[in-house]
Structure formats: structure tokens, C-alpha cells
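Below, subunit A partners subunit B and then partners subunit C, in two separate complexes.
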Partner chain A sequence: MTAMNTGGSTFSMPLGPVHVALEEPVYFHLTVEGETIRKVDLTSGHVHRGMEAMASQRNLTKNTTLTERVCSLCSNSHSFTYCMAVENVLGLDIPQRARYLRVLAEEIKRVASHLFNTAIQAHLIGFKSLFMHIMEVREIMQDVKETVYGNRMNLAQNCIGGVKCDVTPELLVYILSAIDKMKPMLEEIRDIYATNSMVLGRTKGLGLLPQEDALRLGVVGPVARGSGLKMDVRKASPYAAYPELEFDVILHSGCCIHSRTTVRLDEIFESFRLIIQCCKRLPGGPTIASMRQIRSAEACARTEAPRGEVFYYIRTNGTDIPARLKWRVPSYMNWEALGVMMKDCKVADAALITNSIDPCVSCTER
Partner chain B sequence: MQDVIRNNAHIIKNLTLCSETGTVHHTTDSFGNAFHWFRLGTPRHLTRAAGLLREAGARLCMTTAYNRRHLSEPMQEICYHFELAGVVYNLTVTLNGEWPVVPSITHLFANADWHEREMMELYGVNVTDHPNPRRLFLDEEFDEGILNQAVPLSIMMNGACTTDLWERVLKNREKLS
Partner chain C sequence: MTDTLFAILHMAIFPGGIFALTLGFFYKSLDRRVEARLQRRVGPPLIQPWLDAAKLLTKETMIPRTACRSVFLLAPVFGFTGMAVCAAFIPVPGVYAGLSNMGDLLVIFYLLPMPAIALMLGGSASSSPFGALGFSREMLLMLAYETPLLMILLSVAMLVGKSLGAESSGAEFSLLKIIAWQQENGSLGFNPAMIPALLAYLLFLPGTMGVAPFDVAEAETELLEGPLLEYGGPLLALFSVTSAFKTFVVTGLGVALFFPGTISSWWPINLVCFVLKCLGLMLFSLTLVKSATGRFRIDQAFRFYVTVPTALALCSLILVWVM
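Take a look at the complex of A and B:
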């Protein structure tokens, strides 16, 4: 790492593009005064894959597979929202059983995603045993994914008109038993995050994003909810089986790293509530509705991914290849907030603050 | 459908005044969520329409720039997607095909910054009065339109058995001559 004198008492310091908080490239230019960050500028684009251009060369069915590969931890949310956009443009109504099965897959992914971010935070703090413990607990959810869907990351559960994989009653019992096993372990982890002096010392009151800045920058997901903004697509415009299920929107108003982590940890328990309800109330019937004729039309759809709102827009031209498919991932809205969060913080906290927005570079750049 | 419109009658009425006549329509998804669609006659109306949404407390969700080449028209369009109280408002702006220009709305919605920079570098749309008109993903040293010169790997690899690559070569020769 080299620092460059920019005149006066401030220095310009490059950070990245590799190894800031994740194994994904993003390049920060920090203007520092001694140990303190005064200004943040970021450069991205290292992993731009031209996926939107690829989407307008593939048919609607193939795009389900493509969109699932936009992001790894939110993979299911992308195919989910994409399928919803296509269903909206075709005027397709999906079966009741498929609505529940979609929520089930989405919430299983949310638990695994939130646990991954929390584990990385422990790793960045230097709390290695906690990091390993959370990863071990997360492995139970990974096993659930592999057992039920056959894969640990890309579940390939969503398809246009419904879901691909039906879940048998035996598997529902297995999912419930996995949650029973995880719950006490997570309560313990939540307790560590609430009381451990090492965790609190590095996260509480640091990386502040005041509510008015959160509103101004239009941040989404746990970043918004950690600054006290009530924003959850599952409640604001309910979709799939969410209107019929009971869960609470988790809000914390600490505006700091710790506040965002607490939102994620509490949300895991809400996801458990949703998974249990899905398993117990799963209606019978078909899991897929057949596709209809493709008209020239436009439609959009949005859902709440682990990192926040995902937005899809599709325009069809009467063929099976979309004229335009555009999506916006939650991280895209959250990056600019880092400028506010890092200001007047220590250089040593830059990685922890970056991790607190649960960033995803690959999906930001597509 | 009438219920959906009644809830937001005031803002819909004002946005309709900014739109071309007969272009406003309303849709719902199968879960009853509302989407309102407006088409602005000229990019000049954008600032006013976006201002109305700003006053109402809406949030910018996304912007979509696209070519209408797939629909056999040379024009470009931009669709601005806003959200207010769970309802999505879409404003579509048709751009001049020769010289696509649109005013910046970053002074109204801070999060339009990235979207507008992306439109500038990937869609060749000129955004006027942008407070920070730097490249977003591509390095500043790249020439404009550099990505158009690249041949996709799939076209290059299938060059021997399909006509795509050859047609590209012919097209470039026409351009150069």
C-alpha cells in the first residue's frame, strides 16, 4: 500500500481492488488525515460481465438460468424476481403451492446469506473462533439446500409459472428439524453479538449512516432498516405467499455497524418463522402454470432479497427473446452510503464498514 | 383497478398533465400491486414530473435505457421507475434518435447519480447538468464506443460455421469505405 501526499495535511490512500472485505474487487481512494478518513471515492467495473446484453440474446426460459448467476448469495432472489417480471408481462397467475415453495427457498437463502455476512464480520474483527462457529452453524442451512434442492448455492428452484422442485412431506419434516437444531445455536450467537466487548468495541457507534442520509441516498435492505427506515418489499407490496404469512419487519435505529448486524441476526429468526409457516401450511395442487402467448408489452417486478430490494424490468416484442431486460441489485443503491459511513472513521475500520453494507460487487456490475 | 387509482389520484392527475395524451395506463400484478405507466412527450418534461414525485416523497428505484432497434425503430427510450407507498410509477421518455439528451435528475434524487453515469457510458445517452459525470464502470482512458468494436467470443468461435462474423466484417467494410 502506498500513500500519496495531496498537499496540506491530507494524504490520498489507495485501498483495494483486492481484499477489502470480500474476495471481490473494488478500488477505494481514501483521503486520509493521519489515521482518519476524510473523503471516500470508489472505482468499480473490474468484473463487468455484460449480462444485460447477454439477456437480450437468450429466450425467456434460458434467462432464468442466466439471472440466477447474477449473484451468488442472492441467486434465488434474481431468478425469483425475473420470473415474476415475466409472469407480469404474460399475465400469468402461479399456483398457490408454488407461491409457498418460492417463499420457502427464498427464506432458506436469506438465512444462509445473513449468516455468511455475520461470519465475515467476526473474521474481520479477528474473532476467529466466532467466525468458525458461525460458518459451522451456517453449514446446517447449506445441508438443507443440498438435500432439498440438490445444490449448495444456485438452487434452480424458480421457473416461469412456478417452481421446478416439489418438496415432499419427509423433506418438510427434515427442514423443520434443521431449524430446531439451529435455533438455540443462533440465540447464543445473537447473545455474543449483543454482549461481547470485543465485538461491541469494533462495531457499536461506528460507520454511522444517519436516517436522513439513508433516505436521501435511497439505500435498501438491512442498511436502511439499520438506520430506522421501514422499508421491506415483502410488506410494502406483498408478493408470492407473503400476504398470508406472519412476520415482522426488523428495525433498529442505531445507524451503526452493530445496528445493521443486529437487523440481520433478528431477521434470521423472522425467516425461521416464515419457513416454519411454509412447511406447516403448504397447500396441495400443481407447482407450475403453463406459459401463455407472448405479447408486446412491458412490466416490472420487485422483491426483497437478503441485501434489499431487487428490481426487474422486462420489455417483450412478441418473440421469445426479450427486447430489453434490466435489473437493479440492492448493492447498487448502497455503495454511495459508504462515503457517509467512513467519513471521520479510522482507516483500520474501512474493511468492517464495507462489510456492514453486505456488498456484492459481481451483481452491482453485472 | 379503480381502488388502485383512487388511492393516488392527486399524483396521477399531475403526472398525466406532463404526459402525452392517451398514453397513461395502469396495471396490477396477480397479487394486486399497482404499476402506473406514463409517457412523456419530450425529455424537457422530465424535471417537472420527477419534481412532482420528489415532493410526494417517492424514491427512485431504477432507470432503464434501451434502444428500440428490436422494435424496428431507431429511437432510444429511458424508463424511470419510482416507488411511493408500495406503488410503482414508471415514466418513459422518448429521446431524439440522432442526439439523445436528457436532463439530470440527480439534484432531485441523489441515487440517480450512478444510473445516469451508467446510461452515459453504456448507452451513449447525454445527461446534461450531471454533478459528477465521470465514468462508472469503464476506465476513463477507454475511447468512447470501445465495446462496440469487440467481437463477442461466441460469434468469434462460431465464425467458421455461421454467417454472423462474416456479416460483421462486411458491415465494417461498408462503414470504412
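Take a look at the complex of A and C:
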């Protein structure tokens, strides 16, 4: 790690692969002039686990477990989308109750994921107390996960044809009370992010991704919505119980770090709306459909994970081992935008900008 | 001969050396504990800085292959020496009057930036790009916060000097006389003309101690501790010891400049009083500020120092001038 002189007044600076600001290993090669970043090169591949190859050695059921381990914060979205893809291949129609329960699990994970990203942003600004506070609020959601599903990270809720774990009426009451508890706390946090001069000074107007660049690069999720692009799979091609539930797509047109954070914070409230509707309208009936004969076919499915669109493609050959399983994760689409966001910004903001796309390295490299 | 011996004793035992180190480490751990409590955590035990330093002392000293060896090794020693000497100049009102009787305020002003210079030297000698960036940030920040400090010291010296009249030629730089004057005429912290200077001093503290919101040079999440990145083992321990000394020096100086009043003629009570006053100063201007803010970017920190504290200090200076 030496300060290589690359000629002129610039020098190169490594960000990663191991860096306090990055939760996962990825290597940014920054060309820096004074404190200003002139060029960004990205090298990845440190956490490649060969998951697509592993998927074509396991049967369809075991792959549910495998896909849930692609990523930690959006683990549920992966098994969710995978199960949807398999159900499409099999032509399975899942019970109505399972659709609602899937949305419930997905939205609970979304709240926890968005809060985690917001907390990390506070940590990167050096605002330790805010970080601790947000993590403390997030803990309520973690408790919900643990109480309802028995796990704090990987919920193991989805399975082919429906869901594994049914939610009792008492648990629904508990979930609603947890949301009641979280709401005022989150309103306060949203207020801090909207008004605190320290937070605004470090995030507003920085890491700009203009709308046309966002379109050109095909960014997804809160990154796209933070640049004013109305992109939400839940609305664009509704799945599970989403067509029957009311929620809004949050849009902010600031195109900066702060705008993306605001999208996330506002989306948490939309997730609360969805969770409350799920709890109140949860239909009765079975939670799982019976399995069908596996045929030779191909199918795909897409959902809106906390970071954006997750896409799964599956091809079967009549056996229970998939011939091909391929997925595209949101961070893969958002990576390229970093080059635009980081150009001509300060070294101090590099970590904040990286965090603002909520990168998931192990997803992307799998 | 005896003077030299006493000076050495003052540097090694009281108020420098062992006393300053114990107090510095005590403040550091208390700072961490109070911050933890403010964040609803438990925080480390009070003995933690000692344990950390002891552990670091048992570790190997690693020197990067591309580093400038001599500077890399000497920088922490340089900073430590500066602070160790400086600690002996800090008077403990009612207990100890300070090392020299003449011009010690100026000596302190020259010794105070030594840890920052050591950090800059070490950072640039480590050959790490993070160290280099930390170096440039530390230098900028130092330029910004030393100006208000100079103005604060000048306004104190001028106020006391004017009052003493012919004895001192316009400004009084002897801390001993400044304290004696305040014990007779009331603490400067309660003097309306000096309140802006006191505020400026409170704002100067987080900058010189390199804590949030002014921890830009070490910025863990940006520069991975910047200049300290390549340091480990005994050398890093030396930096933490230096920082403990500095905590004692800057809070002690604050007490001497603004609140040197004593409540008793019995020295143990005065000593406890001094410790508590320093503690109050530290908790108020370091711990509370640290737990209520994030980190400035270097340009924001620089702009802050050249505007707010400088304006406050200038305000006091002008008030003292015209009064």
C-alpha cells in the first residue's frame, strides 16, 4: 500500500479490499488529486463462492436454502424470487395466505435492511450516537424476526409452493405492537436526517447521479428512486399479494446521497403500511401448495429486494436438479453508477457514496 | 543544580509524568464511559487505557519497508517529549505554581502543537497514502485552530498585563502571575469580556484533541486512522500516552486561564478541585460534543475554525484592547 506517483499531481489511493467503511471486500482504486477523486477503478471477486455452479448440483428444494445464503440483508428476497421462478417452471399456484405471509416477511426484512444502511451512513459520517440509536431501533425489528421466524437474519420463510412458518393471531398482534413502538422513533430519526446540519452538510448535493445517467446505467431500487426514476417491481409487475395492497412508490429527485437515504427512510413507512395491511387482511387457508411433477422448462421471476430488482432465471430438464440457475442482483446494476457519483468528489465522501448505493458485494460476486 | 533536579521531578512525577498520565488515562476512560452511557452502552472499565497500553507494549514494532525509518521511529518520541515537558508547565492552582516564572504561556503555546506535528511527521514518514492525506488534513486543521488559540492567550495576557500596569509591559505571559491576578480579582471565566474567549477555547479543545467533529485527520471510516495507520505496538502506545498527556495539558491550561480560583488553603482540597474542574471542562467540550455530532469534512472543519472560534477570540481581544 504505497503512495504511487502516477505522474503530475495525482496519486493513487486504495479503498479496500479491507476497509472499515466497507462491510464486504471490494477494491476501489482511486486516482486522487489532493483530496479530489479524479478516477475510480473497481476490482471485485474477493468473495466469489461459485454459487451458480453449486446450485446446479443441488435439487430444487435444497437450492432454497442455498439462495437464502447469497446475501445476508436481502436473504429473504433471494429465496422468495427463487421460489417464484421454480413455481413458474412447475406452474404452481400458491395459496392466498402464503402470498400475504411472503410479503410480510419481505417487508420486515426491508425495514431492517434500510435501517442498517441508514445506520452505517451515520457511522461513516462519524456520528456514533446516531448509529447506536438507529441500531437500537432496528433491534425491535430483529426481535420481531426472531420471535416470528426463530432467526435474526435468514428467516427461512419461503419454500417452493408457499411458506414454511405460519403466523398465529397472537404473533400478528405482536408485530403490530412492535410497529407502533417503532413509528415514533423512526419519525424522530427521519426528522434528524431531514434537519441535522451535520448530516445534511455531509450528504446533501454529494454523490450526484443525474436522472439521465441513472437511466443510461440502468440503476435500480432506492438509487433509481433517489434520482427520480419511478422503478419499483412491486408496482411495475406486481407479484405475491402486492396487487391487493396499497402503498406508494417513494420518489425523490435530489439525485444525491441524502435523497437516496430519504427514499429509504420513507420506504420504511410504506413497508409499515404493507405490514399492517398484511396483518389485518391475512386470509385463512393453507400456507403451502402441493408439489407437481417437474417438467422440462424454463422460467424467470423478479422481485423488489431492499436494494432493487432481483431477477432469477431457471431451466429444468425434467430432473429435480436445475440445469441452469442464474440470477442478477441489484448491486450489479448500481456498481457502475459509482464511477459517475464519485467523479470529482472528495476522498472523505468516497465511503459515504459507496454506502449510498447500499452495496452488497457477496450478492454480486456470489 | 537543585532547580534542575526539581524541574526533572516535576516532569517525572507531579504535575507532569506519573500524575499527568494517570489523570490523562482516567479522563480518557471516563470520556469513553460517559459517551457509552449517552449511547445506552456500558462502556469499558476505567482501567482500559492502561490495559490497552500494556498490551501494545508487548507487541512487536512493525516498520513499513517503504517508510522513512528514522522519522517513523522518532516522530512518536518527539510528540511524547513535547507533551511530557509541557505537562510540567501546567500549574495546579493552590498546589503547584508551574515550572518557570517567566513567559511560560508562550512556551506552552509552542509545545502544544508538538503531538500534532509528530502525527504529521509519522504520517508522512509511513509512506502510506492515508498517512499522506492525514498529514495534509492535520496541517490544515492545525493552521485553523492555532490562530484562535493565539488570540485567546493574547487576550488573557493583555487583560492581566493592563491591570498590572507598569509591572508588565502591556501583556503578562507568566501563568503564575495570571493565576495570582485571577485569585485576587476573580476568575476570567466570569469576566464578560472574556466569555467569548472561553467559548473559543471550548471549541478549540475538540480540534486539538482530534475528536469528533474534528477527527478529520484520523477519520477512521475515511482514512483508517490516517497517520496512525502504520503504527502498532510500543510506538502506538506512545501515541496514546501522548494523547493522555495532552488531555491533561489542554484541560489544565483551560482551568489555569479561566477558572483558577481556589476554595481552600489546604492543598489536597485544591488538588481535588482542579481534577474536577478539568474533568468538567473535558466532559463538556469533548465528550458531549463528540456524542452529539458527526464528523466535518476537512473544508467544513477549516471553515468553521477560521470563522466561529476566530471571531469569538477576536471579539475578546478587541474588548480587552478597548477596555
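Convention: the second predicted complex is superposed on the first by the 364 of 366 C-alpha atoms of A that agree within 3 Å, B and C clash if a C-alpha of one lies under 4 Å from a C-alpha of the other, contacts with A are read in each partner's own complex, and residues count from 1 in each chain.
Following the convention adopted for this analysis, contacts are C-beta pairs under 8 Å (C-beta built on N, C-alpha and C of every residue); 3 or more make two chains touch, one makes a residue touch a chain.
Note that the coordinates shown come from a computational prediction; the quantities given were computed from them, not determined experimentally.
*Asks:* Putting subunit B and subunit C onto subunit A via the overlay, clash or fit?
*Replies:* On the superposed model, which is not a single observed complex, subunit B and subunit C fit side by side.
*Asks:* Applying the touch criterion given at the start, work out whether A:212 contacts subunit B, subunit C, both or neither, answering first, second, both or neither.
*Replies:* neither
*Asks:* Is A:198 contacted by the first partner subunit B, the second partner subunit C, both or neither?
*Replies:* In the superposed model, A:198 contacts subunit C only, not subunit B.
*Asks:* Taking CA centres, what is the subunit B/subunit A/subunit C angle in steps of 10 degrees?
*Replies:* About 130 degrees, rounded to the nearest 10.
*Asks:* A:125 contacts which: subunit B (first), subunit C (second), both, neither?
*Replies:* Second partner only.
*Asks:* I'd like to know which partner A:350 touches here: subunit B for first, subunit C for second, both or neither.
*Replies:* second
*Asks:* After lining up the shared chain so the two structures overlap, which partner does A:300 touch, if you call subunit B first and subunit C second: first, second, both or neither?
*Replies:* first
*Asks:* Considering only touches as defined above, state whether A:243 meets subunit B (first), subunit C (second), both or neither.
*Replies:* It touches subunit B, and subunit C stays clear.
*Asks:* Report the closest approach of subunit B and subunit C over their C-alpha atoms in the superposed model, as a whole number of Å.
*Replies:* Here the least C-alpha separation of subunit B and subunit C stands at 24 Å.
*Asks:* On subunit A, which stretch or stretches are contacted by subunit B in one complex as well as by subunit C in the other?
*Replies:* No residue sits in both footprints.
*Asks:* Within the complex, which stretch of subunit A touches subunit B?
*Replies:* Interface residues on subunit A, with respect to subunit B: 44-45, 48, 50, 56, 84, 87-88, 92-94, 216-218, 236-240, 243, 296, 298-302, 309, 311, 313, 315, 317, 323-324, 326-328, 332-333, 335-336, 365.
*Asks:* Help me check something: in the complex, which residues belonging to subunit C touch subunit A?
*Replies:* By the definition above, subunit C touches subunit A via 35, 38-41, 66, 127-130, 132-133, 136-137, 212-213, 215-216, 219-224, 290-300.
*Asks:* Could you list, by residue number, the parts of subunit A that touch subunit C in their complex?
*Replies:* 1-3, 11-14, 19-21, 32, 34-35, 122-130, 132-133, 136, 198-199, 201-202, 346-351
*Asks:* Quick one: in the complex, what on subunit B touches subunit A?
*Replies:* Listed in rising order, the residues of subunit B that touch subunit A are 27, 29-31, 33, 35, 37, 59-62, 64, 66, 68, 70-71, 79, 81, 83, 85-88, 90, 109-111, 113-115, 135-139, 147.
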